[in-house]
Each structure stands twice: as C-alpha cells, then as structure tokens.
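The first chain written gets the first letter, and so on, giving A, B and C; residue counts start at 1 in each chain.
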C-alpha cells in the first residue's frame, strides 16, 4: 500500500543510502572539517586578515578551551530549551495540521490568527515574555515553540491535502475508519512534507532558544553571544557561533536521520 | 490542490469571526482587568496610537519592507540557484548541504555583529541578513520538491533521450513548484522579521528602530502600534506571494 | 492569545513531567527578592555579585536572585510590574521618563554620580572644540547619551540639526576606521575598547561636566508598593549592597573573580579596568562626602529641569515622590563611605 509519490521517494532514499558506509561517511566528514580548519587558519595567516574581522581558528578554540564550563553549560542549557520547544512545537504543529484538515470551520477561524501570530517579531516584546513567564527555561522553550509550530502546521496540512482522493475512496470502499485512513494513508503520504518542516523547525527552535536568552538570563549560548557582541570580543563571538553551529548541525542531523529511518520504514510496510 | 484556493464567503466570515473573538478577548482583558499599558495596552488604544503616528510608521514600514524585499529576492535567487546546481550535479549535495546547514544552524541574529561590522549599520547589512535567513528555507523546499519527482518518469524521459537539463526543466521543476512556492510563502514573514530584528541592533530607520526607540521611551502603545504595522506589512507580503502561488499553480 | 495559552498549558505539563519546575522551597525565613540589572554580568555590577557571594544578603534575611538585563529589556518596567523587586536602571533620565509615563517606581539610590558618557575624537582630527561638531558625523546611543550630547550642544548654542547625529552601533569600529568623527563611549567599556585599538594619547575627549552638565546614571529603583510596605527590606538590601561594594573596592581582583564566576568568558583585563572606572564614577561628586548611592538632589533637579526644557518629559515630575533618599540615609554614614 504505497502511493506513487512514496515509492519514488523511497527509491531515491535507498539510492543515496547504499553509497556511504557509516564509517566512511564519518571519516569523510572529519576530513572535510580538517580541510575547512586548515583553509581557515591558512587564509587568516596568509592574507594577514585582521583578527578583528576573522580571528584564527586556533585562537578561538584556545579561548573556548580556557573556559570550557561556560560553553558546556551554555550548550546544555540551550539544548534543553531547543528540545522542549521543538518537541512541543512539532507535536502541536502536526496536531493542528490534522485538526485543520479535518475541521474546515476551525481552520478558517484559527489559521488566519496563526498566520498573524507569526508576523510578530518576538524580540519586540522581550519584556512581556519575562513578565509573563519569568526567567525560566520555560520562557525560552515557549519562544522556541512559537517559532516552530507554524511551519509544521502548514506542511502537515499541505501534505494531507496531497493525498490522492481515489486512494481515499478505495480505502473507504474496503471499510477503513477515519483513524485507519489517517494512520495508514494520510499521515504516511504527508510524512515527507512534515519532515521538511521538522528540519526547518530544528533550526528555528534553536533560534527561538537563543533569542529567548537575550531577555536577561545567566546561562546559554545566546547569553555568551550577547556578552561577546557588546564587549566587542570577536574571539568570543566566534566561540559562541561555533558552539551554536555544533548544536544546530547535530540536532539537524538527528532529525534528518530520523527522517530517513521513518520514511524508509513506513514504505517497507 | 491548494487548501487556500477555495475561499467562499463562509471561510471569510469564519476568519473574521475568529479575529473578532480574539480582539474582543484582548480588549476585554486589557479594559476589564485594568492592565496598564506596559503590561498590555487595549487594542483600541493601539489603533488610536497608530493613527496619530501614522506618518512615522508608514515611513518606517516602507524602509523595512524595502530591506525585506531586496533581501528576499536575493535569498530566493541564491536558494533556487543552489538547489538547481545540486540537481544538475548531484556530487555538490554533500558539499553544499552540510555547509549550508552549518551556516544556518547558527541563528541569523547571531551573525548580526559580524554582518553589521562588515556591511555597516545601513540598509545593506539588513539585506544580507534577510538573504541569509531566506535562502536556506528556499534551498530546502526546492530540494525537497526536486527530489519528489517520480523516478519512473525520469527513466522514461531519459529513455527518450532527454538530457539532464531537459529532465530538470520539463519534469523536475514543475514537480518542485508547489513546494518551492510554499517555502517562498513561509519565507516572506521571516524576511520582514529578520529585517526588524536586525534594525533593533543597529539601524538608521525602519520599524525595528521605531520599536527600539519606543521601548526606551517607555511608550508601549507605540511599540504595539509598530508591531501591528509590521504584522500588516508581513501579511501583505505573504498575501502577495500567496496570490502569485495560486496563479502559477493554476497554470501548471 | 489562544495559541499562547495552549502552548503554556502544554509546556507546563511537559516541564512538570520532567521535573524541571519542581524546586525545593527554602526552609529558612529568608525573604525572596530579586535584583534586575541593566545589563549582563560585568564588573559594572561587581558589588552586588560580591555581596551575594559573601552571603551579605542572606545575613540581612534576603534570598536575593540577581537577574541580568538585556537589549529591549526595561528595568523600570519589570520593577513596576513586580516581576523584580529591585532594579538597577538606566539613570535619572529613565526614572523621569518612567514617572512621566505613570510607572509606579521610586529611586532609592544613585550609583554613578557623574556622567559616565564621554565623546571621543581623534586629536589630530578636525574637531578641536564643541563648535567643530558642526557639519561632522557624530554617533551616539539613543538610550540616554543622546540627551547628554544635546545638553552639551545646547550650552554651546549649537542646534542638533547642524551636525549629523547618527545612531551608534554596538561596535566602535566605524570610529577606529575613521568613518565617524566623534563617537560616544562610556568610561568603563567602549573607551577601553577604543584605547585597546588606538593609542590613548591620539584621542581627545569631551566631558559633560566641563560644560556644566551632569546626568547621574545607574539608578537603584523599587516599586512604590515595596517602598511603602517593606521599607525594612529596602534598607536591608542597601546595607548588604554597600558592604559588597566596599569589599569590591578593597579587593578588586577578588571582585573580578566573583563576577567572572558568573560570566567566565569575559576579558579579565577589561573587567579590572571597568571596576577601576566604576569606582571613580560611584565615589565622585556628592558621594565623596556622603557616601555611595547618595541621591544628590541638586544634580537630580538640574537634570530634571533640563529634560523638561527639551521635551524629554512632558510635564514636571514630583521629585520628592520619584527620589526617596530616606532609605540610603538610614544607613550609617560610615557604612556608606567607600
């Protein structure tokens, strides 16, 4: 029971999957990183770039190693905020997508409000976020949630809408219930779309967590970034940027891996 | 195909009903609970404030929209260009995607000190920031769309001697269009927000600048007025791309 | 609104499930309070961190949380709504603005007795006197420093539109690169950054006090309700804070250690410089005789009249209600003097 779209996608995936052995892939990744590091270091030395514009990578790494606790604590705190925001936003987004798909009246009433809510720059009222939620982990997670749920809702809805009505009719003729229809046909068909949004959401929830930390907090990568920005400590800016890049790339890779697994799996049934 | 295509008057009525309910709750909470303006001003006060400062706000909105549109255009070009490059030369995927992901994994606002340093406090730094924010979304949507193509159809076209470019132009691009356009639609709002956020960190004008000034002057009615205008500007942009999307999808 | 409430309930459920919200209630009869700073942890606030680290607040019966500030976060707002008990806010200008807008806050102490802002130019550049500002590019922050600039220009009979006043970005690079003629700096932060990138003797500074203007900054504030209902808490907070500041000045290295425990990525040399400069600002003027956090009513009145004249505030502010010196005066003079 696989739609044409799903089959084609699976073939695509298995094709890319068969090329790299995990170990070789890792080696290639490390090699790539090493090359990038050498180019960075070399370019700064060779072209005598002023450290104010781009410091040497080794300088940045040494600065990070000098105060490892700050970066580790910041990393963990930001990670926690990101994960909570992502999980809540993803779940809420899929749920609202399904609800809007099923109940047209609700979609027409609430979807416009969702759209409007996304046009509000959260940073504009940081004070309100602190007023309402305090300086808690929750406040940051809520901002991450706020940035995350909308793309997931949109893509879930869009994915559900692409289901072939003929297939629905076919399943109905076999007596499939709404629930079966949803779990067996509609969600699997929508899954690739949903994952596009989830990968975006992975990045957005990190944005939310970091921006959330700008409203007066003590730990987190956003705090490190802000502190460095305003003391014009370029080395520390890059240190925080690298830590954020590590977090973002790692999280994104995890979501992408889950995507490969799930999309692959659902089609094998 | 698209959920938004069918817009009978019932949908509009329900949309209006939802908005009215929301505004009524807001107004009721602000008035009923006697919330001071620094907690939550009433909608009516915000609208009055908006009207009395309309000249400043419209100027600022124009400034911000200009930055957002320029950055958006640039970002779309970069995103689509990269996605097509990957489609034509699959080897590029493993080079471009991790790099783009790594760059994008840092919140755009994190780059702002560096971008402000390199491009100054004026309009160009905002355009660069918006382009960075938009291009990744476009790249992902476009790639997902290009990947969605039916492998059998590709094989069929190839068996008739179609070139890689031919397959891209005739088959993969049209298939990718719906996803690309939905990515473009989602990005509109982000482009305005990124422009505003960057303005708050250093600018010579725009809605972000107005909001920043208003916060400092403890003028929360003006903060909200500016947010309303920003929201309206984003919606207009969103609506425009949504309209184009419907037109284009209708043709294909 | 709806989505926000949804989000809140959903997220609190998650947070509760994971136990992150469950905090143990303190057993002692310590009174919970918080201090909202105007910015992130740095030596500018060393005394408060020292007092907290050495348990001075606990000794006064206060369980104090120090909350850092951030961009777009207004201390006056958070204190007025009761989100924070104490606040170290922008300065006399922001206290006036807050009172003008009806925010129920009271200033209970002034930290920087003299204007912390200076205007910096190149010694060999075209600007020799304030009159030379005409036609030049001057960058400044619109967070209070702009008032200082306007005040100095007004004293010299220069209209603001005779020069190009531009908003200053977080970086002093445009000035260092020569794209800006005059840049605004605080003694304790940007002036250090500029000096680290250009020799000090190549710089010329313009100081507000030379033009007969003083804008005291970094004001300690509480909500009106706190001042009225918990005067003992306010006094206890001031006593502990003063002890912390005295310790910080007696042992600057140790104080910087304490600050850097809260923010380890800071640059030590810069923080030590900052503490030295902050000491100068906090013990200048009336504080030399009356002690730290003294409210110099003459300076406050002068600043008030100036803001009124130039429309920064819309109507006269009741100075007696906005500035309450009784709390700081309750501390014995010997404990106030550094």
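One rule holds in what follows: contacts are C-beta pairs under 8 Å (C-beta built on N, C-alpha and C of every residue); 3 or more make two chains touch, one makes a residue touch a chain.
Note that the coordinates shown come from a computational prediction; the quantities given were computed from them, not determined experimentally.
Chemist: Mind naming the chain pair that shares the most C-beta pairs in contact?
Modeler: Ranked by contacting C-beta pairs, first place goes to A-B.
Chemist: Relative to subunit A, which chain's C-alpha centre is the most remote?
Modeler: Result for the farthest chain: C.
Chemist: With chain centres taken as the means of their Cα atoms, state the distance from subunit A to subunit B in Å.
Modeler: Inter-chain centre distance comes to 17 Å.
Chemist: As a quick test, compute the distance in whole Å between the mean CA positions of subunit A and subunit C.
Modeler: Chain centroid spacing, subunit A to subunit C, equals 37 Å.
Chemist: Going through subunit A residue by residue, note those that touch at least 2 other chains and give them in order.
Modeler: Residue numbers touching two or more other chains: 52, 110, 113, 123-124, 127, 131, 228-229.
Chemist: Going by the contact rule already set, what residues in subunit B reach two or more other chains?
Modeler: 22, 38-39, 113, 117, 200, 215
Chemist: Please output the residue numbers of subunit C that touch at least 2 other chains, ranges allowed.
Modeler: If we look for residues of subunit C contacting two or more partner chains, we find 2, 71-72, 74, 77, 81, 170-171, 173.
Chemist: Contact residues on subunit C for subunit A in the complex?
Modeler: 2-4, 6-8, 10-12, 14-15, 20-21, 36-37, 39-42, 67-74, 77-78, 81, 83, 170-173, 189, 193, 197, 262-267, 270
Chemist: Taking the touch rule as given, give the residues of subunit A at its contact with subunit C in the complex, in rising order.
Modeler: 52, 63, 67, 69-71, 80, 84, 87-88, 91-92, 110, 113-114, 117, 123-124, 126-127, 130-131, 133-138, 141-142, 145-146, 149, 214-218, 223-224, 226-233, 236, 239
Chemist: Sort out for me which residues of subunit B touch subunit C in the complex.
Modeler: Touch list, subunit B to subunit C: 22, 25-26, 36-39, 113, 116-117, 120-121, 200-204, 209, 212-213, 215-219.
Chemist: Using the touch definition from the top, list the residues of subunit C that touch subunit B in their complex.
Modeler: 1-2, 71-72, 74, 76-77, 80-81, 94, 97-98, 100-103, 142-143, 166-171, 173-174
Chemist: Looking at the complex, which residues from subunit A come into contact with subunit B?
Modeler: It comes out as residues 4-5, 8-9, 11-12, 28-29, 32, 52-53, 104-105, 107-113, 115-116, 118-121, 123-125, 127-128, 131, 150-151, 154-155, 157-158, 161-162, 192-193, 196, 199-200, 203, 206-207, 210-211, 225, 228-229, 237, 240-241, 244-249, 251-252.
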